[in-house]
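I have placed the structure first, in the form of structure tokens, so that the comments after it can refer back to it.
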Amino acid sequence: MRIDEMTSKEFAKALQSDPIVFLPFGATEAHGAHLPLGTDSFQPEALCAELAEEVGGLVAPLVPYGQHSSTRNMPGTIDIQAETLKALVKDILDSLHRNGVRKVVLISGHAGSIHLAAIKGAAEETVRSHDLQLMVLTDYDIAYRFPMPVNPDYPDGHGGMLETSRILALRPELVKARRPRGKGPEQRYMTTRDPERCYPQQMVGDATKATAELGMQANQFIKSKLVTLIKKNFGE
Amino acid sequence: MRIDEMTSKEFAKALQSDPIVFLPFGATEAHGAHLPLGTDSFQPEALCAELAEEVGGLVAPLVPYGQHSSTRNMPGTIDIQAETLKALVKDILDSLHRNGVRKVVLISGHAGSIHLAAIKGAAEETVRSHDLQLMVLTDYDIAYRFPMPVNPDYPDGHGGMLETSRILALRPELVKARRPRGKGPEQRYMTTRDPERCYPQQMVGDATKATAELGMQANQFIKSKLVTLIKKNFGE
Amino acid sequence: MRIDEMTSKEFAKALQSDPIVFLPFGATEAHGAHLPLGTDSFQPEALCAELAEEVGGLVAPLVPYGQHSSTRNMPGTIDIQAETLKALVKDILDSLHRNGVRKVVLISGHAGSIHLAAIKGAAEETVRSHDLQLMVLTDYDIAYRFPMPVNPDYPDGHGGMLETSRILALRPELVKARRPRGKGPEQRYMTTRDPERCYPQQMVGDATKATAELGMQANQFIKSKLVTLIKKNFGE
Amino acid sequence: MRIDEMTSKEFAKALQSDPIVFLPFGATEAHGAHLPLGTDSFQPEALCAELAEEVGGLVAPLVPYGQHSSTRNMPGTIDIQAETLKALVKDILDSLHRNGVRKVVLISGHAGSIHLAAIKGAAEETVRSHDLQLMVLTDYDIAYRFPMPVNPDYPDGHGGMLETSRILALRPELVKARRPRGKGPEQRYMTTRDPERCYPQQMVGDATKATAELGMQANQFIKSKLVTLIKKNFGE
Amino acid sequence: MRIDEMTSKEFAKALQSDPIVFLPFGATEAHGAHLPLGTDSFQPEALCAELAEEVGGLVAPLVPYGQHSSTRNMPGTIDIQAETLKALVKDILDSLHRNGVRKVVLISGHAGSIHLAAIKGAAEETVRSHDLQLMVLTDYDIAYRFPMPVNPDYPDGHGGMLETSRILALRPELVKARRPRGKGPEQRYMTTRDPERCYPQQMVGDATKATAELGMQANQFIKSKLVTLIKKNFGE
Amino acid sequence: MRIDEMTSKEFAKALQSDPIVFLPFGATEAHGAHLPLGTDSFQPEALCAELAEEVGGLVAPLVPYGQHSSTRNMPGTIDIQAETLKALVKDILDSLHRNGVRKVVLISGHAGSIHLAAIKGAAEETVRSHDLQLMVLTDYDIAYRFPMPVNPDYPDGHGGMLETSRILALRPELVKARRPRGKGPEQRYMTTRDPERCYPQQMVGDATKATAELGMQANQFIKSKLVTLIKKNFGE
């Protein structure tokens, strides 16, 4: 199921049933004082493993670096350029296609707009010349539809109640007991050299309300919605 | 006020008061059977002129081409690559900065996510090395907050009730009397070679409900919100 | 006739007669104390409109930014890199071709050698893979053949007698009454960081001799020569 | 120790002692019928973890994709372009430097010459403008010095006795019981479209002679040599 | 005098007097049935050697490949992209500058407009960040001012009377006895896939009128004009 | 035999017998106090001429600039970026292929790993889309197999006994009588900004032991081995 654990022969054989390949995109990014830098990697990696099991697909190795805007200057964020990410996605898709893969689901744990545009742009350009069915999304496209009681003073976002809950469900030992509350920037639409000033907590939302229970429900919700969507999209 | 109508000397003199330069981004894109291909150009060009008048700024020449995903293969869409757009924005900002400009508002009439990411990405990279205050948005960031009775069967979007109304207010002679209704794609998150198949009407929303009156109110709403926001952001 | 004023359907229908598309390239560039920064935009835009009317073609939106060498550091010049311009031209031509356009006339108001090489280079690379008939020129290729009494002490060039006359014919309200005389650089073939020092007047020629009458004759001369040339080149 | 498991605050604190960051480069590449596709990932990832423990450093997330020449067309190889890899390394180093990291050891499990040149090239260009001490190598630079009885008919190489032994030591459950023998190409220095034809076994060497015991000794040898070298190079 | 024949020490010593470095640009290009493919290399290489002797400069190794438009598809033309040439020139100038060189004369034997724009563009971008005095030209900028009786039916150009004469003066053994006459294209300003069709003789002008005598005079004329110009430009 | 000395017609005719084209890659690089900067150019240029004579091939013009790592900052080294070199090789190969060439031997006098990877990378990418048989090597791949008594205290390398001998055989007038001994760096695998500090002699080996006699034998050895290899590889 994990491509890196299969031999060349096993991989070739697995491709005969035209499986979906799941390609998880993570990040190394500041997520507040309570969450690990790999938060955006742990979520899609776990999700892809579950989805692959559910629909009989394969999981490609995680891309653990992404593009970051507002958190770029915070300690621990490792930022790659949008062009680099896009080139990487195009190369991987090209290789998968050469191998005979025809269905890929690209799931990004990080939801920055420039980051996602790089992945989507790579996908769009690839399908113009390659016979591939591609589904591109961030698990947060689904996650934010999860019905959840939110603290109205702290609209939920990066590193907030939902994300903290999901990591509590996946890697509880990496989440700090003391959790912050944070808000987004006051100046809308401004692009500045020091965007981190607008996020003194490195996060948005009320993480004190996060629980592993909620995280498990959210993860289950996302998986379930995605299995349905994937089956519909790929006609399986 | 329009930079292309000023002489070099007049421009140099105008810069002494550290004015905001408005840089409008348009597009040449299919917008249904009822709207002109320049729909996304006419809106930000008119808006920038009004904003510049309101806050005493200058208007740079319109960039009339953009990046397009879902409408790329529709007749009349002229699509440029995200990389090209990004390079163009970086070059223009670099030149404006060399001229002494320190405040720029970049407003895009087209709201595609890859298109906007190109403009934002250019802005982010520029401020890292240039002393510039940049505000980047699409007028639809504001427009979609305009309170408006929407046909619940046709959620409003590209070429829909709001956009048609705005063009009716700006360039009524270019809007066809017969107007369509349209819906978005059924398959979510799929990237395909022929996305136009998902938009048989080239538009999303109920354009039959559009009126010039509504368009004028929307345009007024956007202008007013933006004047407030700009004054707040630039401390003026 | 203007592509941005047509709907998608009208554009598709117009293409059935295999029309020539005129693609005007302007600039935002210092042109002396007497001429507007958009001088190189106003000329090809007006010319393209007339040519399209004459031969039954379409006019694509103007590209209002170009590459500049000697005027790069003068107030009001907005310079884009040759690579950016070339990429833009390739993207636009690729899109026009995908739309079914097969004949394009690219006319640049700015005649800098690196600027023109970018446009020509884009054209050359495009025709290698696309079925397109392309004609590429600056209107000054034709304009400088216009018979005109020139002040022998001031050989005519950028912002000089001919160009000032043409703008007087097109946009008289934008031309200042007081007009300069200027000369080119003394040091030949040198590439320097501050080329503007060689052009203290920002222009070359004797603009005091310019008249709207002369400009109208020149514009008529250019249009007439080009109509003949276009008909010959495209066999119409 | 693993950066992705630390919070932003923990990472910032760890940097105060100016630690070495270990950056492992893996690959997804055909390694014969007996070894997993992630062979080149498992080795440097384990090695970096041990080295970091030994010298008190941190481990950055693994880059699991690389550039491949001779195995590019074999099932399971995912090949990225040298330019993509180089850009990725430059971006990561730039980010690490911005974070305050000053010492990085880049260890690649894959030893292809173009692949390594991409990593080295990125390192060289980065140190020209960044204050960084960089050590770049493949563990096979050291591994091939490990004294080992080799089958003279099968000179050892990719997927051979040494590599198979090392994976047997690290991930025995992923190594197949039946192991091949293979030889390199007969035509020297030729660059062809189908290099896989020269490697019918996907590997070079005699893997039947591999043992976990030998692999543990080799891994221990490499670690020990590198600890000495790292201490000498970084003066620790 | 030739940099490739000096040792590192000799070169370092020669730089102490701040000499001009001459950088010749040649080409490998079809020049009619009578002239060798290296025609554009032999001319600037000989000229640079003479100029360096005259003004006490150094000669860098010849760049023997260039960008070609109209002759691109003719047998023997080796065409490199404008971007490649530009990158090459930038790299060489950057290296010369790092070595301490401050004056460079770049002379191209090939005079194509895109080719020259690539060299000039590289020069312009380099001087923005490097302390360099650069003079960029093709020897044909000077050569075409050489007073010479021309066959009015065959305006002189590529591979014509002047160029043939110059090669007769430099490399007579490489010039064929039978020489052609040729004309340029009838369709002006068209960019086509097969420009060679417009030049059935691969040359423009009347080569039957060429003589070694004339070539020597032309070469002497060019050298003499350039020595004066160089002394003026570099204040020597 | 030299392409630059042939006419277009002669070249076209020569291609009818499907000859091998030899493409020599030189360098302009510090080689110690005793050897000229063109050392890496003289060797492959002479070798290619001999090989072409031996097997009936053609010789393309020498590329006299390459990529340099350890000698980059030494006086006289002219360094071009790996990307530039790669682009150049791709362009030349593409042009040769368009001319009808089907067999190319690329021989580099400079053996730096990033330099060679650029040439090999260009070759690999070209054969994917072009019908070409390519052989890529540095003559030092063969030269270092030449049996030669080496000073054990000074392992031979760049500018050492072997290379000095070869230049003594080819261009004795350019080799200084006084010759150095030198060693490589002590710190292994480090990438630094000032690698020249590790090579105070600019060379590695004992050049005092070099003789023209030895050089002639080495050159003969290389030629002979390569003729055999080329005949085998190209089936001639």
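Per-chain residue numbering starts at 1, and chain names A, B, C, D, E and F are given in the order in which the chains are listed.
By our rule, a residue touches a chain if its C-beta (ideal position, glycine included) is under 8 Å from a C-beta of that chain, and two chains touch if they have at least 3 such contacts.
What you are looking at is a predicted structure, and each value in this text was computed from that prediction instead of being measured.
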{"item": "Chain whose average C-alpha position is farthest from chain F's own", "value": "B"}
{"item": "Distance between chain centroids, defined by C-alpha means - chain B, chain C (Å)", "value": "26"}
{"item": "Where chain A and chain C are represented by their mean Cα positions, the distance between them in whole Å", "value": "48"}
{"item": "Chain C and chain D: spacing of chain centres that average the CA atoms, whole Å", "value": "55"}
{"item": "Set of chain C residues in contact with two or more other chains", "value": "83"}
{"item": "Chain contact graph, described as a line, ring, star, complete graph or other shape", "value": "ring"}
{"item": "Ring walk, chain C to chain E and onward", "value": "C, E, F, D, A, B"}
{"item": "Complex contact set, residues of chain B against chain C", "value": "2-9, 11-12, 15, 26, 28, 30-38, 41-42, 60-65, 73-81, 83-84, 87-88, 91-92, 95-96, 98-99, 174, 176, 202"}
{"item": "Chain A contact footprint on chain B (complex, rising order)", "value": "69, 82-83, 113-114, 116-118, 120-121, 123-124, 127-128, 133-137, 141, 187-193, 229, 232-233"}
